[in-house]
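Structure record follows, encoded as structure tokens.
As written, the chains take the letters A, B, C and D, and residue 1 is the first residue of each chain.
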């Protein structure tokens, strides 16, 4: 009753303002552009976002709990299914952590092949990111062009590891088997076509006025904020922080390759787009150096069949396509890990969504989710 | 410089560049595979449908060592064996492979000491009934029974 | 499970004659030497910092659950550990102080990673660090969700991965991996399953 | 009596032709965009998927027609019909061929002296169907979609109307047939002297029909499906057909007003060789060209944001259209003096 009285008191203009309610819009978990089962609860004023809450966990499978019940080796295929877009990187991070814990030295040859495969995975992940990001913003042809190139990478994965998506590519100590014949040629052929294809995407997007209008000054985040909120990977580098684990704490043989770390200036969606495109080119550069320099030797180190790392705990992280992917593993000296904690980059990157989205339009929310490059398999674990 | 930008904006240079890319691809060859008619190349290492190898007499190669079952992250393999009273060897009595749970990680194939269980390059594994995914030894030896879709 | 264990044991035994016996356990934990931050922190927060170890070129500090906000603020502002890379908990049901909370902080200036470990008892509350590092918001919610550890002054302490009305904390060691919240499932999905056979009723 | 019969036959022919055209426009879209995306598009139903639109139509008709329980049922049922009806009503006034076309019966159903005005008026009534559909669904995504749609249509209508004023001034008539005749008399199609108006008209046309890059009301990556999110089966098909029919309408108006309707290009050079081709073929070719550009644009460009779309409409296209109108009228005035 009081409300009615209040409305009667106000003049028309104020009443008009009051009459515009906030609209609560439920985006997801079934929505074409939340990239999986992410639910974003948006509070809108007209079409502007005034508040936002992420609801995650629809894909929670308890990987951390499951890996406590499995031996060190057997948990590896589960890690492929975290960030299923770049399964090779996940596998590498987990395997390397166990190797670090158990003190296993990996032969150089295996390291080089690991580098090639993970960089291919980086390209494939970025291609998928570009595909979906462009599709969210409405450029649907880029989507299929990217899938065309991704298919080539998946073929290489199939040739080397035996699977296209959940590759289970590496074993503790090295590789399960040597690379097959024709691997070198396939990788080189792919590196041959890649620059031309990237310039095709660039022709479609980089200078396009609509793309510029949609991505420039959208989802801006300053370097300080980005660090505070825990952004890693291309999302952080888009804000101008020149930090890459491959350079900062080189693992495998990354200190032997020459490559640049691209960074952005404004920390907006457009910069992150450019950073990722350049990262694809740099990944190609690393692959070309690695493929020419594969040393002779064993493809795996000698590792006991039943691995029992000494008591201890170790945290190891690699630069996955989406950011810092780390594993924290505690060993109690038995065949099974005592605790496995997965630090997925998407989990921390998604936290930045609220900061980036406030004050933007609904359409920008879609673009920002795209630019964060999240994978729900990794967020929900 | 600004003038140049303005002119290119008015003449839609950026848009025409994109349009030319799509037009070029329209006249170029499509990359689609017409699946049932054309099949893509499957590499030798592909991990697909599981098979159990047999020796020249048609008997199973499996020695019932249980390594595959132990090395399966999801526990989709069940091995049941008996000790033969005469030869004192373990003899396989039942072998079940639950394909609904299989991750196709290839650990069983790697660990098998006699190369009995193999993940073949066969990738068409759809079935109408969930029960058909639980494979017994004889099915594993001759391959899954598949119902071909007819128009 | 039992079978597997036997198998493993037998493999170990089989190997014993070929390789020198690895009876003596390798101790990975070393004492910290010449680590500037540690000496400074040890001096300044003598009552909080209990110990420091080095494992595989990584430093771990062990602290007490007292005034941790000052401690972390010091680490962030003076020692420039500007990112909280990860925050998690570990459950040791046999210990007196049941849980350990692990802070994984990183310095972009020094390119240094630091693990900080803090033992707490069951039911003990921890001061939130989300004021210091905003990135701690979700990980703390996750720890609350998975272990049931409460964080004081947390802006938004709700379950994050599991449903709001879920009862158990699955990453505790006394929670079996096959266990599920049957009541929740009955309430929301209308099914109840047999824990042993997995059959749905 | 004969007059009535002729009209009825013409209506039947044109309606059948347009319906088929709309159906095959969806096929064309899928094929063209498919090939632009280095794939093949529909290939299974019939030779190269030629029967695909018929299969699709059949599927939509026999599908379950879901009416949400919380919706305003009457409006929900009515809305797609309104949309569909107005999309097809417009074809009454479009000259597919000259007065001597269609073997002497006249290549149009009727030639009204305010034809163009009538077309623009009717075409904009179609938006009512969209608003009603979005509102009656009683769901948030359709509501947002329909609101966007209204704002977009209303703002682009203005610029579009002003853009067509240029050719009208040149022709001195609102009748579609007279506009084409004026182009024949002038010897040059209106898109040459009215290039600015032509571009504005085309951009507005794309926006009017809710096509990419202005397809905000139904942007599937943001609003899932926009105003027709809750629609299914036959009612969805009506919306779908209306959208494609509107595309053909806009293309047909563009072909008539700017590209000389049924006229042959370069009659002085090609005239002796190609005069056996009836006018409606030329007309169809021109319409096809526009439709192809529609699809081409859809395959290439990203989507604008809503506020940017409004800004383009009000801040760029409208002033340009007014300027174009003023310049045109001054030149005509000068020439007459």
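To be clear about the criterion, a residue touches a chain if its C-beta (ideal position, glycine included) is under 8 Å from a C-beta of that chain, and two chains touch if they have at least 3 such contacts.
Quick caveat, the model's predicted, so the values are computed rather than measured.
K.L.:
Closest chain to the protein's overall Cα mean, using per-chain Cα means, please.
P.N.:
So the chain sitting closest to the middle is A.
K.L.:
What pair of chains has the most C-beta pairs in contact?
P.N.:
A-C
K.L.:
Hey, how far is the Cα centre of chain A from the one of chain D, in Å?
P.N.:
Result: the chain centres lie 43 Å from each other.
K.L.:
Counting only Cα atoms for the centres, state how far chain B is from chain C in Å.
P.N.:
37
K.L.:
Give, as an integer number of Å, the spacing between the C-alpha centres of chain D and chain B.
P.N.:
Each chain's C-alpha centroid was found; their separation is 49 Å.
K.L.:
Please compute the C-alpha centroid of chain C, do the same for chain D, then give the distance between them in whole Å.
P.N.:
Chain centres of chain C and chain D, defined by C-alpha means, are spaced 63 Å apart.
K.L.:
Can you list every residue of chain A that touches 2 or more other chains, as numbers and ranges?
P.N.:
Each of 141, 145, 148, 204-205, 208 in chain A touches at least two other chains.
K.L.:
Counting only residues that touch at least two other chains, what does the list for chain C look like?
P.N.:
Expected reply: no residues.
K.L.:
Going by the contact rule already set, what residues in chain D reach two or more other chains?
P.N.:
Counting only residues that touch two or more other chains, chain D contributes 36-39, 299-301.
K.L.:
Can you tell me which positions in chain A touch chain C when the two form their complex?
P.N.:
56-57, 60, 62, 64-66, 68-69, 100-101, 103, 227-230, 232, 241, 243, 248-249, 304-306, 310-315, 317, 324, 326, 328, 330, 333, 335, 338-339, 341, 343, 347-348, 351, 380-381
K.L.:
Taking the complex as given, what residues does chain B use to touch chain A?
P.N.:
My answer: residues 9, 14-15, 17-18, 20-22, 25, 31, 41-47, 71-73, 103-107, 110, 119.
K.L.:
In their shared complex, at which residues does chain D touch chain A?
P.N.:
Checking each residue of chain D against chain A gives 33, 36-39, 140-141, 144, 212-213, 215-216, 219-224, 299-308.
K.L.:
List the residues on chain C that touch chain A in their complex, please.
P.N.:
8, 11-12, 15, 25-29, 55-56, 58, 60, 82-86, 88, 90-91, 102, 104, 108, 111, 113, 115, 133-135, 137-139, 159-163, 170-171, 175, 177
K.L.:
What does chain A use to touch chain B in their complex?
P.N.:
Residues 70, 73-78, 141, 145, 148, 151, 155, 158-163, 166, 168, 176-177, 180, 200, 203-205, 207-209.
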